[in-house]
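Across the two complexes that follow, chain A remains constant while its partner is chain B and subsequently chain C.
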Partner chain A sequence: MTPGPAPTAPAAPPPSAPGSAPPAGERAAEPAGGGVGDSPPRPDGTLKVTGEFAYSSDLWAENMLWGMTLRSPHPHARIVRVDTAPALRLPGVHAVLTHEDVPGEPRYGLEVRDQPVLAAETVRYRGEPVAVVAADHPETARRALERIVVDYEVLEPVCDARRAAFDPDCPLVHPPGSVPLRPEHNPRGNVLRHQPIRTGDLARGRTVADLRERADVVVTGSYEVGMQDQACLGPESGLAVPAEDGGVDLYVATQWLHADQRQIAPCLGLPPELVRVTLAGVGGAFGAREDLSMQVHACLLALRTGRPVKIVYNREESFYGHVHRHPAHLRFEHGAAADGRLLYAALEIVLDGGAYASTTPAVVGVAASLGLGPYEIPHAAVDAYGVYTTNPPCGAMRGFGAVQACFGYESQMDRLAEALDMDPVEVRLRNAVGRGSVLPTGQRIDAPLPMAEMLERARALPMPPPPEAAPGRVDPLALPGGAGGAGVGASVVRGVGYGVGLKNLCFSEGFDDHSTARVRLEVVGGVPVALVHTAAAEVGQGLVTLQEQIARTELGVRRVALHPADTSVGSAGSSSASRQSHMTGGAVKAACEAVRARVVALARARGLLAGEGGGAVGGADGGVRLAADCLVPPGGAAPVPLAEVLGDAVVEETREFRHRPTSPLDPVTGQGSSHAQLGMCVHRAVVDVDVELGLVRVVALDAVQEVGRALHPRQLVGQIHGGATQGLGLALMEEVQVADGVIRNPSFTDYLIPTVLDVPPMRVEVLEHADPQAPYGLRGAGEPPTLSATPAVVAAVRAATGRPLTRVPLRPEDIALP
Partner chain B sequence: MHADITLTVDGRRHQLRVDTRTTLLDALREDLGVTAPKKGCDHGQCGSCTVLLNGRRVVTCLVLAVAGDGAEVVTAAGLAEGGDLHPMQEAFMDHDAFQCGYCTPGQICSAVGMLDEAAAGWPSAATPPRASAEGAVAELDDTEIRERMSGNLCRCGAYAGIVSAIGDAARRTHAAAASGIPRPAREGGRR
Partner chain C sequence: MDFLSPDTWAGALAAKAARPEAVPVMGGTDVMVELNLGRRRPHALLDLTRVPELARWGAEDGYTRVGAGVSYTRLVERVGSRAPALAAAARSVASPQIRNRGSVGGNLGGASPAGDCHPPLLAAGALVELASAAGVRRVPASEFYLGPGRTVRREDELVAAVLVPEPRGPQVFAKVGPRNAMVIAVVSFALALDVAARRAGTGIGSAGPTPLRARAAEEFLAREFDWAGGADPSPEAARRFGDLVAGAARPIDDVRGSAAYRRHALAVLARRAWARCAAEVRGGGV
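Let's turn to the complex of A and B:
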């Protein structure tokens, strides 16, 4: 009566497998092609619009139990006593586990193994898991949690990130020596990583005071970025199924299957091959699913009870159950000559990492290396810190450290323009980076980066019509605050602002960043079909579409099927850092090229192709092309159907793809070519502000983005819209409000994300200057617009109000109160 | 306390016994295994669990299952009749009106219900007073669509596609009505 995926079946059915939804290439409305550069439908689209796509929270298995998590009510406390017996006595409860029941490694972590599976002696943030239960019904599980007795001795919370960074008397979140920090990251006190950068005279013993004297104008600012939540609509969830071989099969919504496997297996005391992870449908990610949430807990409960265990977080729990965007405290100083040319910058960036490391060290590296933004500044001193506090843990969110820095440097550019009485675009143009420019890390930009052209294009975009002039006659819906905003339009002022964001794409700092693809070509039902198998997580970005497009382009086949993403193939790396089109796209392309070479060889061996021909170069193998399900010989000979070439043969190749190596940053000077690729977006925001009520309506938020090459133009625009929408949210409404370590607004009533009414029509222009380092010349596109949208909106509000606005999200009182 | 209720879901009649505190959403998802409506917040804030209840759009997390006794529920899965996508679903595909897709079944049910509300002359806050006095909204412009769809969150930010998809579907429906093609029945019968 209750259908659901069988536990041994793939949790999310292969979206385009023969027999389920028709492959995109067969859709009647789709023009021939569907390859790279076209905009074919998403292969998982039919299942998604009918509600039949199986998200991780939709899974079901025969004999399944429900897992639930007991969380700490205190941000910082010592655990004195835990008594699980009353919970175990409740009928229907099958297991209650604490840290004592973790058979393997007690802690896990993406970069630093510092997060307990279940808290042992100490809890370090409110919401930290202390115990887990498995019961026959969610209500039974909830009641069991209420019966677990935990006595705490409350400790002083560490809530102030600047104090954690700089006050030697601040209590320590982690005892010295308890966290296996990387020694080069200065494991002093609560500082998880300090990354300095020194360039120019500031690397040669001169001080900021010296440079200050040489500057015609100096602007300083202290800025704050609030804690943003990814707010994926799909909650953390998954299903763990114990296997007969003593292992476990986990179906879960994640961004990185192999990182999950690598972290889960040691905690379970199992070899990785006994922890098989399959991607379930992912209801949004945006960084929130890069860390583990319920994965180990569900596996522990399944192995303990011998039954499938499903865990689904509720919305409030989700706010505690995943990492957030780091709140940031920024102190920026820039000096420039009278003509606007920047001379120096001194930046202090403090990022609140919360209780556990997550990806904080990498976030610090990004914030430091991109702290100056896309500007040429000869002398720079950057100090970026990531610290432990007892606030909710922070880690990856779209933009990853670059978002926070971007709000700082773009605010400074506007301040500089004001100080010089110069147009904000002009100031940016005078200092713009381009190909050949050198980042403060010493890395030379060696791909096209036409920032000046992008700014000029953004400035030239058509403006929206001016606001209705006559007060009282204005449509209230068109006013800031909408129909409920109580304004009449008398105090509405329009403002225009610009933002430019520079983002590293793919993983940085020497990480062995790679992806793996297995491609098989065979004849099924008389036609050639390519099967693409990767472990890459489709999170909504449309990677499944791109994988099919690449296979069509490279193999000339109409039909492509995708194997479910799982750990039975090599790692694809994370669906983050805007990297999957590049990395998994590159791996699929490479595997297809290898398959193609074998097909050509097969054709020769079978006498279907004359001549010698060369190796695989570009799209041609000795002039042979694969197109329209045929092998097309050079010189106008008749095409040979691939079905004839292949016969019964199955051609399968697996390839790993790596981007060029990157370097770590020197821990003292911050020098090193740490980034593989850079992306850029320019936003122009137009806002109407009710200056009396402090309400803002974004009238337009238009973008110009450099994408290298658009593989799927329609999905690409969707990525730019989505990134901009989240940037708009950070500018105007989104903040996880944390007071004394407690989240005060863990619901969608109080944590506001943009609705369809908050988001204006967004014009997008994409530039395609191919990056010769990347497959097809592409650049990842998901993150750069998230950077630039926020400062553009804030700049527009500043232009309308004249207020300094040093904190995001903006609050009405920041705008309206003198 | 438990109660025996009857629900017709996507044309299929179910009899079930529920705790009287069970929401319609949990009855659908957990008791009947109907997972097209998604649970995003369980508090009526996100709209992901929207279905058509006796032809009207509701968020099922705010309806008790017992209150739906005898009702007809149409989910996004039920809109696709006999494997053919509903015009709204086709429009969402054509306009790439989703990314992760989690809000999509709710968006689509909401949009279908919304077009019926507009056709029935229900005004929105964006409707000029005289338009509603005439009994029906002649044309749903983007402002109307945005206002009427503001209860459905999309975290991926696919709103541009959603607005254009709904406008497109509305025009297709309008054109179909003008050309004499009967509109699908809303009340009663399997959709």
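Let's turn to the complex of A and C:
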């Protein structure tokens, strides 16, 4: 299968061929069997905790070269001249490539093929790749980059997203017609998608002014969301190995192997089957690895030099080398009756997509369709815009457009509560959606979504003890300001705030969302072993554990091994959109069911199972069960060891799983059942604020989340903790600061993410109202807490300070300066 | 790049004399970051981790002499009460892992205006001991800093130690940043009182091209402080003190904060420092 030499560092998850699976005794010792609903240890957990796990940056191959990227120093410029000759003359340099060396398609893109492999005439963001080199040492490669001569003619940058959206005189980032935008996305000027939604009277010719007159109270607000980074600890990295068949084997940290393959192959001028992609160890993803970074570059260099080429970005380069969360400008207006019932909403959402589209169209679709949040509002007008600018490209990040909208609508709910002198929870309860509610897109919520119950539960959670005001008795680390020692108890004010987030789960808007699993059952060393093979990317979320659990539950085996994720099996789709437990979980379940049916048939054929028919399988119906490495016949007959049933037989089945179809949004009315499934999280934040210094300490950040079914309770709570922490980060500190198209803080010295002193212990209440549409009734859980945590923290700071606080992340001076 | 690794102090000074351009490296918490980011490509690194003298500390003629290689962790754990403001600053540095590696010498060698150790050294009236193959000199901290990354240290010299006077009154340090730990100071402030001499020392960090003293504020506090009883300052006096400290700063707008916020926060830190020192005097702690 792999003609080229294999790299020596193992891909992750570490190849656990049946022979190298963990000892059966270790797994058998788990009290509950390690199936669905238990919390078995991760197969990669010990390696990661002990520092022995091989990440993509650890890859190494004999005779390997190092690739490095020359990047634009300007956010917007015309390339006048490139001279690579001085770099090529440097001993140890094996290749210097520019756009002229790209043999196939010059551009790629997840949704829109608009991003050059290497810039040709124009650079559109600072950090855009212009040339790549391969050399026998990283230092040689670095020196080669310094010798490449590029003459630029600097152009006016397009930095202001609102101007890009609405000013007809704004320079265009892409010449009209030069990028393949979709007409149903209403592209115009720098706008690559405009998604309107009109409902109720606002769809019937009435204006917002008409509705304003009918409302007892109107609240308006302008809000801003800064550019958040996924802050993966593992930089973009991978190893491309040229193969004897003219193809290439790429080992890379990514989120979606087949999307990489689909984009890389045309640029190389190769058919997809000659671009084989294997997942390498992923050090965090959160959306940052959905787009290509170094993939095509490494493959180009490997094919040109005939040698393996490794590329690892450094930290600063990484900030320029992956997409970020879209900064957003929000203008929201809500009208309500005196009793708090919402009457109408008018929203304008502008999302800065940066220089290339990435997933901006889909982000716009989510922001528009979920812009009203989980509230019943009879009349709505939503206009969501995604625009090109010459800022760093933005794309997928946990929450994907819903995070930005959620900060807007939750801030508005608090304003409404204040205007009505009503409790913030009460306002939310009066307008809460539930099963049977209709979203502004016309989509009916047809699964349980007990928002009112969730709010009541969040409100009823025990409060942390009050702040200790007496000096001398306070641990300074527990005060706002923490280790800096600036805090004094007397200046601390406490506040409480709530946030509710509604997130679509799985891919939306008519996308053919599916995953594939191949499951093999055979006897190894006398015991039955299931081998699960998917192309699903383990990015830290624990999908490897779930795959093992599902196989144990469905096949009744103790030992499960995982094949490395690669493109020799069908696509699993992306490890994003909170979708892999649902989609790849569903595919593994379906493949296991098919294997199980064949095992039962085999048992009958071998005379090990009395009776007729082979279809009745499963526990509840009294049919045949597989459990404890045995086939358990119905009616109390003695179990038959699976090893005996199988003998030398190898039973292998491959299945694709799809969720129910979804619809695109109408380009004029925004109507369409665009989402497969919805998830919700409610957060209550308690903060202490040093009002004089503007410093915040989050004391509690407790959550109630609807998950349908907890497959692995411990990992599930970890996901909710992690999502909430990223939301807290956006509220208080995480921002890629961009000025005139230049990132001012491309390092973890100045891009701050929460530390253990910033994150409180978090209580999580998990509700399990099964979604009948999903395997085991589950809902993806990774994203919803990222939505709700941010507005909850900000609301709590507003409650403590009385400040309006319309921009995240909050800065100390927003609180402290008059 | 050459890597020089002497195992004696004399050897280190000889190496620096022979290769003045060699960049000293101790814990590497600054130097390695710069190297990894490609901001610095020195021809030689002078590794000082094997020089035993640098890791020593002890009393010396009314001072505590802290070797340039004493880690922040050791400073907090072992030297603490002999240099309270410096220990508080060391405690606020980064994370436990970095405090295990980083040292005062590195802070002085790098001379970032945001370095946490500078304000307490200024406030306490510490001396910086510089050594070369030609000899040793001791420079007051207030004369040590020249500009961002620039000090009076000559190319052939190494920072050998700091000498912090025995505390003769309360000392406090505080810094402000948007994160509760592991943060570069947006602004920092140290105050050290000499109760017997009725004198005050101040140090301002991250609010000017170098760490700064607020001399007018020091004189004002010396006049207004209740040296006998440790009474809280009047609101007017506290405000005046804060304004004088803020007025001594020369902050800029940058990625970590605005000049306006820095001045504001300095005034708050200064008022709180006075109150904390007064409380200590009242409590008879010193």
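Note that the second predicted complex is superposed on the first by the 778 of 818 C-alpha atoms of A that agree within 3 Å, B and C clash if a C-alpha of one lies under 4 Å from a C-alpha of the other, contacts with A are read in each partner's own complex, and residues count from 1 in each chain.
Methods note: a residue touches a chain if its C-beta (ideal position, glycine included) is under 8 Å from a C-beta of that chain, and two chains touch if they have at least 3 such contacts.
Bear in mind the structure is a predicted one, so any value in this text is a computation, not a measurement.
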item: Touching partner for A:V756 - first (chain B), second (chain C), both, neither; value: both
item: Chain B versus chain C as contact partner of A:Q715, first or second or both or neither; value: first
item: Partner chain(s) touched by A:L693 [first = chain B, second = chain C, both, neither]; value: second
item: Chain B versus chain C as contact partner of A:G723, first or second or both or neither; value: first
item: Contact breadth on chain A, by residue count: chain C or chain B; value: B
item: Which of chain B and chain C A:T390 touches, first, second, both or neither; value: neither
item: Partner chain(s) touched by A:Q295 [first = chain B, second = chain C, both, neither]; value: neither
item: Touched partner set for A:E813, first chain B, second chain C, both or neither; value: second
item: Partner chain(s) touched by A:Q549 [first = chain B, second = chain C, both, neither]; value: neither
item: Which superposed partner A:S747 touches (first chain B, second chain C, both, neither); value: both
item: Footprint overlap on chain A, comparing chain B with chain C; value: 314-315, 477, 483, 747, 749, 754-757
item: Chain A-facing residues of chain C, complex; value: 33, 36-38, 88, 91-92, 95, 172-186, 188, 255-258, 260-261, 264-265, 268-269, 272, 275-276, 279
item: Residues of chain B touching chain A in the complex; value: 29-33, 35-43, 45-46, 48, 75-77, 79-80, 85, 89, 92-94, 96, 98-105, 108, 125-126, 142-143, 145-147, 149-163
item: Interface residues, chain A side, partner chain B - complex; value: 1-4, 39, 41-42, 44-55, 57-58, 60, 138, 230-235, 281-286, 312, 314-315, 477, 483, 539-542, 714-715, 717-718, 721-726, 747-749, 753-757, 759, 761-762
item: Residues of chain A defined as touching chain C within the complex; value: 142, 314-316, 471, 477, 480-486, 488, 692-695, 697, 732-733, 737, 744-745, 747, 749-750, 752, 754-758, 811-813, 816-817
